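By letter and in written order, the chains are A, B, C and D; residue numbering begins at 1 in each of them.
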Amino acid sequence: GCTTDPSVTDSSEAPESSEEASVEWFDQALFDKQNAERTVVPEGPDGQPWLQTINAELVDTAQFASTGPKKACFANASISNPWRQTGWITMNQQLKVLQDAGVISEMETRDAQDSDDTQIADIDYFIDEGNCDIFLISPNSTAAMTPAVERACDTGKPVVVFDRGVQTDCPVTFIHPIGGFAWGIDTAEFLIDNLEKGDKVVALRILPGVDVLEQRWAAAEKLFDEAGIEAVDYFTGADPAEIKKIISDELAKGDVKGIWMDAGDGAVAAIEAFEDAGADYPVMTGEDEMSFLRKWKETGLTGLAPVYSNFQWRTPLLAAQKIFAGEQVPVEWVLPQSPITAEEVDQYLALNEGMPDGHYAKFGGEDLPGYPQVWEDRVIP
Amino acid sequence: MSTATPTARRRRGRLDSSLVVGIALVVVIAIGAVLVATVGRNFFSPGNIRDILTGMSVLGFVAIGQTLVVLCASLDLSVLYVISLSSLIAADLMAGNPANIPLALAASLGVAGLIGLANGLIVTKLKVNGFIATLGTGLIIKGFLDSNYKGTSGDVPMEFRLIGATGLGPVPVSTILMLAVAVLVWLFLSRTRTGHHIYAVGGNEQVARLSGIRTARPVIVAHVLCSMSAALAGLLLASRSGVGNPTFGAQGGYDLLSIAAVVLGGTLLLGGRGSVWGTIGGVAIFAVVDNVMSVMQVNPFLKDVVRGIVIVAAVAVYASRSVERRRPRFDGGGAPPPAPSPATAEPAASAEPASAEGGVR
Amino acid sequence: MSEPILVAEGLEKSFFGVQVLRGVGLTLHPGEVHGLIGENGAGKSTFMKILAGVYQRDGGTVRIAGAEVDFQHPVQAAEAGLATVFQEFNLLPERTVAENVFVGREPRRFGLVDRRRMVRQTEQLLAELGIDFIDADAPVRRLSVAEQQIVEIVKALSVDARVIQMDEPTAALADHEVELLYAIVARLKARGVAILYVSHRLKEIFDLCDTITVLKDGALVSTGPAAELDTDELVRRMVGRPIETYFPEAEPGTELGEPRLVLRGAGNGYVDGIELELRAGEIVGVAGLQGSGRTELAEAVFGIAPFTRGTMELDGRAIRVTGARQAVREGLALVTEDRKAQGLALNQSVLDNALLVIRSVFSRRTAAVRRELPGVLSSLEVASRGVEQEVQYLSGGNQQKVVLAKWLATEPRVVLMDEPTRGIDVGAKVAVYRLMRRLTREGVAILMISSELPEVIGMSDRIIVMHDGRASAELPARSDEATILAAATGTLAAIELGGGAA
Amino acid sequence: MTAATELRPSAGQRLAGLARTLISPRGAVFLLLVLLLVAIAVLNPSFAEPSQFIRFIQRVAPVAIVAIGQYFVIVGGEFDLSMGSVVTAQVVIAGNLIGQDESKALPVLALMLGFGAVIGLVNGLIVSFLKVPSFIVTLGMMLALLGAVLYWTGGAATGNPADGFREIGRGGIRGIPVIDILPWSVVILVVVLALAVWFARRPFGRTIIALGDNPTTARFSGTRSWWVKTSTFMISSLSATVAGVLLVGYAGVHPSVGRGYEFTAITAVVLGGVVLGGGRGWVVAAAAGAFALEALFTLLNFAGVPSTYRDAVQGAIIILAVAYSATTFRARRRGRALEAPVVPPPGAPPPAAAPETSPASGAKTDDSPETPATPAPIPSTQRADNETKGGS
């Protein structure tokens, strides 16, 4: 008994807010933009993808130019999954470099533990008490964090947002890889190429409602639909036991030819479900998490590892460096995001040998101090 | 027995309820202030106080409602989803238009009230344990949310956002509202019949029944009010973030945390004893602990360890206090003595002390 | 005489097929104090509860001020001017005195509970009773039993009743508090209130009552002016049979043996200076008023609240018992006074309850005991539908026998019995007495705490009387009631008074 | 029928008894389970094939084992909310400490069992001696344990443990005729259930139930309450450990393995007719509750219910199932009280034999079942005793 129907909304007062009050995550314009960005050759230093940009529209930061070490305040959404943990480790190593270089004096971090409310309070605390020279924000959710980010902008200090976005242009730069639609396109095209019309794909999704994840599925679902691939999706909470049960049941119902995942966590369990049921390996897309790459290699299945570039965790601090140097930065800093293909697996496996299963192959911290020990031991500050 | 001084007795009686929580809070604040000072910050700065009070507001609303339910020996695990649902209903109905605010408030509180009513009826009429009943209704709401919402939704107009964003000095308006609700609930508990009956039913359903109380009613009312105050938490979250979110509740883990705060506030999990002010104290303890850990940049995983330990340790302090037998008639013996020495015996007592080796086995 | 305020006629009541009231009736006039007496289980409380609307009668009529009534709930009765002080406490320990007095009908002002009026009226009621030591704002859990009893009375008074029933209101009161109650009753009487008064203390009955109704086994024996009765006649009507057949003699072959349990100067927070010698084959009775510390004595011996002073010897060995488990291992058994709260696990079967101690303390003997159990149960004449029946469905007497079976299974050498026959019927009582005699013949020592003086007198080889936590006297077998009562109230000098008071 | 002699039931009576048991609260869970299984088999006949069905049992095994452990805690009158975290902790420990080194499997397994026992011991000791409600103790343990494990591992495990170790949860005895493979999980479940049934009937197991029913009585009967209580927590933590071992084999290492298991286990136990608050319930029914719950999920999968609606259906079914138990239980209890005319002991003198009884007696001497003595709003003490447990 609920009185609202979410699809019925008063759109008069809601400008440019496509996420707001929308049932569908699919956004054709964004889809087209990201689709195009996939094929753009990124600009920037070779071998340093975290400094590369795609279709950058630069903005002047001269007003922030200033010398001496600066204090960064980092409002982090959480470190509750392996992707964020890996990035967080990388970010701290990057911080060391910048501290040694005298760019950053210290970074004060508040971790919101996945709570919007906490993160809003964290940002407000920084504004009141932090003595911050720059705000780095990895929002817990897009719309909810907008008012707080706007307040941070109002202080006149530079604001850098990365990973998930916010619905305001006020930050100096918003850093992110190409995005969920690109992921969806990469993976769906791969599966469609390797499957027949009418084949069944099981989509394993972690949780509903997070934009970067929803967009992946929105794109893939659309493409599957167009290609006549039968796709069923499940939310698994990344619990491998849950994943295994789901696949087992699907296998009991009939053949499953493909597995699509919106994140690599649990890929191994999905593959093992096929092994245990004595079924042929599916065509599969996972993520650049080591567990998937290793299992992929071991089983020799037909696979693709889409990437949500983990190295983006280095960029905010580097952006800060640029901003304080008065260098131009992109308004929207789109980082490259290219999947790991079958040809590249060996290379990345070799590169990341000794890393834990929860490590991400494209973490981009090979040139940072502490490599590889810090990542191997997963030293979380 | 009749000559025992009532005043002395009263002082002891009062000590172990809200006052202990207050003392615990003061101790926590003192320790917190010292720790915060070690990292070169001021615990009592306006920004920090605001951070703490903000941290109290949402959990405060939920815990106030939870107090009512726990007082009548039930539980509410569905608050999690009621919070999310009410934020969504409100944000959707407001749709950026200030004129819609009253309707949106009425709708989300109304829906929450209906959910509470369902909880109360299931508990009292279907005789399903509150734990299971609200776990079930929570799952039902969760299913509804997951099926109908795919992420944040709605748009809260500026007018309503101000509630979450403004403050009187370092005191956020939301905290004032929360405390106002606490006062209302306190008045409800102490000044209305239903409030009194909540205590009676939670204390002893039989006695309540014999005294002519229709025992289902207070339980149902408590559940309704609990859901509605969870809805207030959801509204506050919508106000602070500008949108509704189907995961607001889950993000804060408000179900178990609110119960922990209630118990931390000295309310008996079995019902019949407790107060809203104790709960506010419990919520404040949580908020201070969280604040101090954040200021000290404690590893987020360790934060949970500390929270877990604080919950158990604090409740242990109250629990061990309340384990009291009947009053001893003869001093010297006291309550169950740990290692009584026969030497303290009164002169009249026997000369030969009970030998230890002669005893057991 | 004035018009009767309450007329009950031919009340009938059965519980699960056992009839406990057989056509009982009585008449109450305004300003009359009407004593209702009878043995345990005679049906006094049931009678009152029917009047109060707690139970529904199976037959008979009740009229108040001429109008026939049929209360479905005590609140209805209270509204009609009939208030009841129940035998069991009906208080909420966490709530204040005033809140308890007015629970369910809190006074309101502008729709809100008027706390001040509640407290004021409570204080007023307390003051009317001349009580200044109870704080209307104190939580009831802080009050002593006597004070709680007074709160119960105040609760009944607060409805401005025309009829007040009191079920053993003095059971928990000390002497001067009984005086207080006398004063209360006198005042109520002067106001024209009719009082139905139940007590086991005959002296009170004669002191207070104008009329006395005697019940026996659920039936009316007699009803008439108190002046026409004396103690002996009253007892004869109550008991209805010579006391000798009621209490079995010691079985042949019973011998007084060595001291089993010896306490010297033993004490703790609740009892003090206890001197006791309990010999094999002996039954020592412990008498005393409620709250005199008898239960606490048993609990101290059993290690629930261990002695902290003095010495305790068991079979000649000095020991310190610090827990029930140790006590059981040492051969002690404690039949607790509160069967339901302390003696039984009501949802479990007869078998599970009977094996409870064995399983938790001597688990290796479980199989053997289990084999013998049907024999034990049948020797105790436990009436059940089988060992798998849950004990909650058994009658009180049978429940008590299950408790006894539980302890017999451990083959104890010293048995502490706290109110072993409380709330059980005549037949069950005799069975318990026989069992006690059998145990003593087997060399078991028994300490029997009882509030029923005839029982203490009829069964004990010696009698310890407790007063205010101390053993105030040790009396020989067959001591008379008056002596015991005098010792129990701490006024041994007043021995002569007791019997001839009426 | 006096004197505790039992009647020997005839075959017909037994059948009728079985039927009655099935619709009784005690048997309701079995009925529910059968219905669910039949529904699944109708939707997907291959499910009924032995080889598929054994896989189903394999999959339920960890949940069922956790439910069995939770059963002992609940029937002893407490809660264990820390089970999920224990599962997670054990899974992560296995991943991190065993790694790819098979030779470490046994020592680490021993360590895990020891660790599980210690967690239970700590829970139990705090509940027993510091008098903190178990709800709070195990909630604190749940937070602290998970946080500590994540802190220790930096959020994620190094990787799956050696295949030899995972074989326990994943593999089985192959080449068995009809069922093709007999998973070790199934074997372990059977062993655990058999142990649990045996243990629940042992003196110690019965003492747990008595303690849950009435702690005061247990104490006055010489029960070592702290130890009995603590042992139930140890059992539950150990069962969570076993479940962890199976899960790490079945699914692999991830910090989300075990999430929500405490609620699943409590739900399963309550579905099995075990009364929250203690003193009542059958361990087999608790395990059946776990099966029913998993069968429900499977049914929803097969029925193609969108995954977002699954929670709603689950919630509704839990409430209905428990409400069914609770309400029929009350009805039955009332009924039972009616049909239990307690035969007066033969030793008791017939009431009328007393010399001066009133002539009015004997008006009602038949044994006809009386209505249970109470007006609707005031239950007699007889019913009141368990009302507090069965009700809210």
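As a working rule, a residue touches a chain if its C-beta (ideal position, glycine included) is under 8 Å from a C-beta of that chain, and two chains touch if they have at least 3 such contacts.
Since the model is a prediction, treat every value here as computed from it, not as a measurement.
Enquirer: Can you tell me the least number of steps between chain A and chain C, where a step is a move to a chain it touches?
Expert: The least step count works out to 2.
Enquirer: Could you work out how far the Cα centre of chain B sits from that of chain C, in whole Å?
Expert: Spacing between the chain centres: roughly 41 Å.
Enquirer: What whole-number Å value describes the gap between the mean CA coordinates of chain A and chain B?
Expert: Those two chain centres are 37 Å apart.
Enquirer: Compute the distance, rounded to whole Å, between the mean C-alpha positions of chain B and chain D.
Expert: Here the centre of chain D sits 29 Å away from the centre of chain B.
Enquirer: Could you list the positions in chain A whose residues touch two or more of the other chains?
Expert: Each of 79-80, 208, 235, 380 in chain A touches at least two other chains.
Enquirer: Pull out every residue in chain D that's touching 2 or more other chains.
Expert: 151, 155, 307-308, 377-378
Enquirer: Going by the touch rule set out above, which residues of chain C reach two or more other chains?
Expert: Where chain C meets two or more other chains at a single residue, that happens at 54, 73-74.
Enquirer: Which chains are in touch, pair by pair?
Expert: Pairwise, the chains that meet the contact rule are A-B, A-D, B-C, B-D, C-D.
Enquirer: Which residues of chain C touch chain B once you look at their complex with the stated criterion?
Expert: 54, 73-75, 78, 86, 90-95, 99, 103-106, 108, 111-113, 115, 133-135, 137-139, 141-142, 144-147, 174, 176-177, 264-273, 291, 293, 305-312, 317-321, 326, 468-469
Enquirer: Which stretch or stretches of chain C touch chain D in the complex?
Expert: Touch list, chain C to chain D: 10, 12-19, 22-24, 53-56, 58-59, 72-74, 216-222, 237, 240-241, 302, 304, 323-325, 327-329, 334, 336, 340-348, 350, 352-353, 355-361, 363, 366, 373-374, 377-378, 381-389, 392-395, 397-398, 406, 425-428, 430-431.
Enquirer: Can you tell me which positions in chain B touch chain C when the two form their complex?
Expert: 1-4, 6-7, 9-10, 12-13, 187, 190-193, 195-197, 199-200, 203-204, 207-208, 210-213, 268, 272-273, 325-337, 340, 342, 344-346, 348-350, 352-356, 358-360
Enquirer: Contact residues on chain D for chain B in the complex?
Expert: Residues in contact with chain B: 81, 126, 130-133, 135-137, 139-148, 150-151, 155, 263, 266-267, 270, 276-277, 306-316, 318-319, 322-323, 326-327, 330, 377-379, 384, 387-388, 390-392.
Enquirer: Provide the residue numbers of chain B that touch chain D in the complex, in ascending order.
Expert: Within the complex, chain B touches chain D at residues 72-74, 122-124, 126-133, 135-144, 146-147, 205-206, 209-210, 214-215, 219, 256, 259-260, 263, 269, 299, 301-312, 315-316, 319-320, 322-323.
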